[in-house]
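Chain lettering (A, B, C and D) follows the sequence in which the chains are written, and residue indices restart at 1 in each chain.
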Amino acid sequence: MSDANIIRLHHVNINVTDLEKARHFYVEGLGMIETEADENNIYLRGLDDGNHHCLVLTKAERPSLNHIAYRVASDEDLDKLEKLFIEEGLPFRWLEKGEERGQGRAIRMQDPQGFPVEFFCEMDWAEPLIQKYYLHRGARVKRIDHANCLVRDIDLAYRWYMEKMGFMCSEYTVAGENGEYLWAAWLHRKPTVHDLALIRDAGPRYHHTGFWIDDAKTILDACDHLASIGYYANIERAPGRHGTSNAFFVYVRDPDGHRTELYTGDYFTNDPDWKPIRWHLNDPQRATFWGTLPPKSWREEAMPVQHIITGQLMEIRKPVGIKK
Amino acid sequence: MSDANIIRLHHVNINVTDLEKARHFYVEGLGMIETEADENNIYLRGLDDGNHHCLVLTKAERPSLNHIAYRVASDEDLDKLEKLFIEEGLPFRWLEKGEERGQGRAIRMQDPQGFPVEFFCEMDWAEPLIQKYYLHRGARVKRIDHANCLVRDIDLAYRWYMEKMGFMCSEYTVAGENGEYLWAAWLHRKPTVHDLALIRDAGPRYHHTGFWIDDAKTILDACDHLASIGYYANIERAPGRHGTSNAFFVYVRDPDGHRTELYTGDYFTNDPDWKPIRWHLNDPQRATFWGTLPPKSWREEAMPVQHIITGQLMEIRKPVGIKK
Amino acid sequence: MSDANIIRLHHVNINVTDLEKARHFYVEGLGMIETEADENNIYLRGLDDGNHHCLVLTKAERPSLNHIAYRVASDEDLDKLEKLFIEEGLPFRWLEKGEERGQGRAIRMQDPQGFPVEFFCEMDWAEPLIQKYYLHRGARVKRIDHANCLVRDIDLAYRWYMEKMGFMCSEYTVAGENGEYLWAAWLHRKPTVHDLALIRDAGPRYHHTGFWIDDAKTILDACDHLASIGYYANIERAPGRHGTSNAFFVYVRDPDGHRTELYTGDYFTNDPDWKPIRWHLNDPQRATFWGTLPPKSWREEAMPVQHIITGQLMEIRKPVGIKK
Amino acid sequence: MSDANIIRLHHVNINVTDLEKARHFYVEGLGMIETEADENNIYLRGLDDGNHHCLVLTKAERPSLNHIAYRVASDEDLDKLEKLFIEEGLPFRWLEKGEERGQGRAIRMQDPQGFPVEFFCEMDWAEPLIQKYYLHRGARVKRIDHANCLVRDIDLAYRWYMEKMGFMCSEYTVAGENGEYLWAAWLHRKPTVHDLALIRDAGPRYHHTGFWIDDAKTILDACDHLASIGYYANIERAPGRHGTSNAFFVYVRDPDGHRTELYTGDYFTNDPDWKPIRWHLNDPQRATFWGTLPPKSWREEAMPVQHIITGQLMEIRKPVGIKK
């Protein structure tokens, strides 16, 4: 295992086809703060954020995941990670300070399931707006919480993140008559339910980014606001409580179909004897503790992801068979 | 028009097949207070209620609506109503004081669409538990708010309640290319959005009873509570905001399928120049302001209603054709 | 008793010394909607309101209450009231349509305790913004709820409103060893806890206007917003639950010291057998159900009121002695 | 600095004079779960907790702080701490597994300011009740959050926790004309605002334990519940938002005067470039962002603390002079 100290999921960069439409959704709709923009990118942060961005919108021909990024505790952790990527034969490249605006040097790699993942330590400071309540608008996004990824081989993905990257597991879902197959896992570095969710499906595909909202009432207010400015059809999955994670949520989609979860309510997971919570795929309270099912689009649609060097979209392949 | 002064929808009596199961749902689930019970009936009230009951559960062979009841301002109003029913040739009968437990004399009639409707003035006092917060459990139902009825001829039903019974209209829905047909109407005596909703459909069928909850967060807490004691499959329609009425809601069904709306958030409707709000049936924000559709069961299932004299279930007939 | 049908407290007109400062407080702070303004007045409404104003700010040399206004059900009710005022020998004057901008003809009188009170029926329509959630800002005031008046002779004031004006009493407070003296009363025409609160004190003085807010969380959000734009010292009495009325509240003061209550959570009061709730002045849960006392300024400070004809401020006199 | 990995503040043990009264307050009032009890102790946990206790009530002659306890990541961390305590010449003693019921071996020490502090790694598992919502009562305490300690020499205390124990600082308050004196500091190991607050005052005295509540509305519900079962006079400081920490709070006191903060709403503090937020003691929004002051009792009263070996109460001394 690398002993690099990964702090948390820090930001996500998505490719969008129309920067103005995307800006309207994330700034006027979700209430995110625009730190800076250039011709091809908009850099957004949440109300709690003391750094340059937790979401980057990049102009592209078609929507996809550009990359997700974890922050590490010190610059040397990046060298430790490079060593691991070389050992494991994984594609990676270094980014100079400023190549991603506002960010120090970074290492970007393709994880074993094909996801573009970046690690960095330094980022420009930006003013946290925690107590400037008069600037809290729309969904009042506080900060990023997690990334949700569809992987074709969850056993391999799970081992990579647990054994090589030092993640811990808070909850997981099994399938099969006796629960003999892993179906999904909620993994974390920061002591919440997750920084990263892995779900067995055709992949690599990016399912959603979760942002932290203060409480359930604020999520309901967000729905009212979004609906009132015309985004009612973008509210894909009605507010509810997840069985897994116990979080209260709503799912909304941006004009390109990128999915955002407005998320609140999980718990502390960092005690040394934490026992991961086990769910069976067939548990009727797993997806929604209140019993309703997600809509078809939520279950079936997700974003392709980009290769970190070529920029091509990674081929999407069926999940590997449930093994005996 | 009768000048009887109808105060508000006051209670609903539903027929249930298993009193114990129903008690568990309404008392342990919804948190209603049991004022009294006898062999065949359970009398429940909300936390605000200063009277004997706002919901009666009556043991029966099959589930149906026994009757809904309006409270009038004075006992003489009942005589005025009798006069109207005689003039209109509608079936009715008098109930002696105590025939419905805790209630004074009452007049029960079949309305022109076939609904069993009771009027009364006096009811035994019962302690309001408004500030006994330690007794507030489950859904924390405060009081009854409205009844929702499926009627086969909404034009006639609308005229009856507006012209003969003195109801006012807060909102309505039209259908047809130019909105030329009435499809639904929200009618009130108390100055809220409604005491009675009428919807054009196969009828007479009873769709749901709405109970007032303090706020949206309490409705979410109710879902958590209901789901945690096994009623997750009873949460039929996920929490959301209605376009019509602007209320925040969730719909739950009891073990017999009787539907309850936990409802909060409407507005004052009694100004003399109130202009009813008009919706078109095709407006995507009408049913749910946030854009999602009710599930099939919510759109299609409803309860038969009882004849006030024979106790037989009223025949359910298709809605009358949209007239030119 | 006059049989004029008073619907509800409809608006309040206060005199302020600086229109711009007052506008900032009520529009940027409380989130009220400016319908119109002229050189000397700003006309504001709440988000639910379908009429021209529920609060008027009028420029004046010193702050005071200009008048409070009730809406009646029909124009003829105004003539009935005139008859009563003549019989009772109370000063009054008629206002032509438009003399108060947006309003039909009105009758303005000095009540027996010296308060300037207006009655009217017609007012210009204005768009309700109930579902334009993107315009909901600050305290998100929905509508006016009640007026709170300090009267020197509460026995007389109570009789006037109950016996002559047809108000009903929802709750009241008594003082004295055996509760033999009336100390305060909550009176209503609309079926909530009150349109008008009367409290025994040096008078006539105007204590506060209550505005309806959706729920307790929204009141907390209002505090955050107000504090963040510099009005932290204007939050006079911390959020809490009243014993009397059971409402959740916070009290804020505008730049001239006019007091606003952000208020939510009362109950239905219009059943024919409603029993007024009795509190004793010494009950530690009366003022705040949670036990804390209002600050000194809240207990001692209130606004003088204007004479309806001379515009002079009414003399403030000590309360009449507790009678045996 | 010790490189022992302290996870978080894990539990607090307070001495109470009447176990039954204390049980009623914490179980019936705050809704904590009783895991176990013996003749002299009651072991309580929050709804999220997967371990035996986060609060221990111990019978004693007079109320005081028995000890606070931090959990470490591994058993070896305890040996590292022992080494440090020896080097620093601080009094400590080992507890055998089970000496504190449900807990593995532990080391208990007197910190340089005189506070009794315990460190341990292992504790018996207990069922988390996160989704057993039907067991969520009263204040619905989820878990412990922080301890607030009054220290006579904050400079020394700050250096001990930052330099020797590896805490980080999220916010701090300075005093003096140019802010030249440290007055308070919020220190953390888990990535929230704090595990430990230090405030300059007569000490050592224990000010309060903070427990995490889901959201502000739940804190208001807690006040209603507490007030309704007779604890209205125990609500010492009304709900509000702290400037420092930005948390929403209410303070309640148990029958012995032990103070509990019901707390929600802080933010992530573990980014490597976090800049501690600086407040000046004179900032009117520091204590309450909304501008109101804490009551006198809150500012002046706090609990004595016990010596870890003798059990005697530590002498309380005036704070050291503001140094030049």
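Quick note on the criterion: a contact is a pair of C-beta atoms (placed from the backbone, for glycine too) under 8 Å apart; a residue touches a chain by one contact, two chains touch by 3 or more.
Fair warning: this is a prediction, and the values are worked out from it, not measured in the lab.
Pairs B-D and C-D differ in how many C-beta pairs touch across them, and the larger number is found at C-D. Measuring from the averaged C-alpha position of chain B to that of chain D gives a distance of 50 Å. A straight line joining the Cα centres of chain C and chain D is 44 Å long.
In chain B, 131, 215-217, 224, 227, 289 are the positions where the chain touches two or more neighbouring chains simultaneously. Shown here, the protein chains touch in all possible pairs.
By the touch criterion given at the top, residues 7-8, 48, 50-51, 71-74, 121-123, 125, 128, 130-131, 142-143, 190-191, 214-217, 243, 246, 264-265, 267-268, 270-275, 289 of chain C touch chain B in their complex.
Listed in rising order, the residues of chain C touching chain A in the complex are 131-134, 136, 215, 217, 221, 224-225, 227-229.
Put simply, chain C touches chain D in their complex at residues 216-217, 220, 223-224, 226-227, 232-235, 238-241, 248, 284-285, 288-292, 295.
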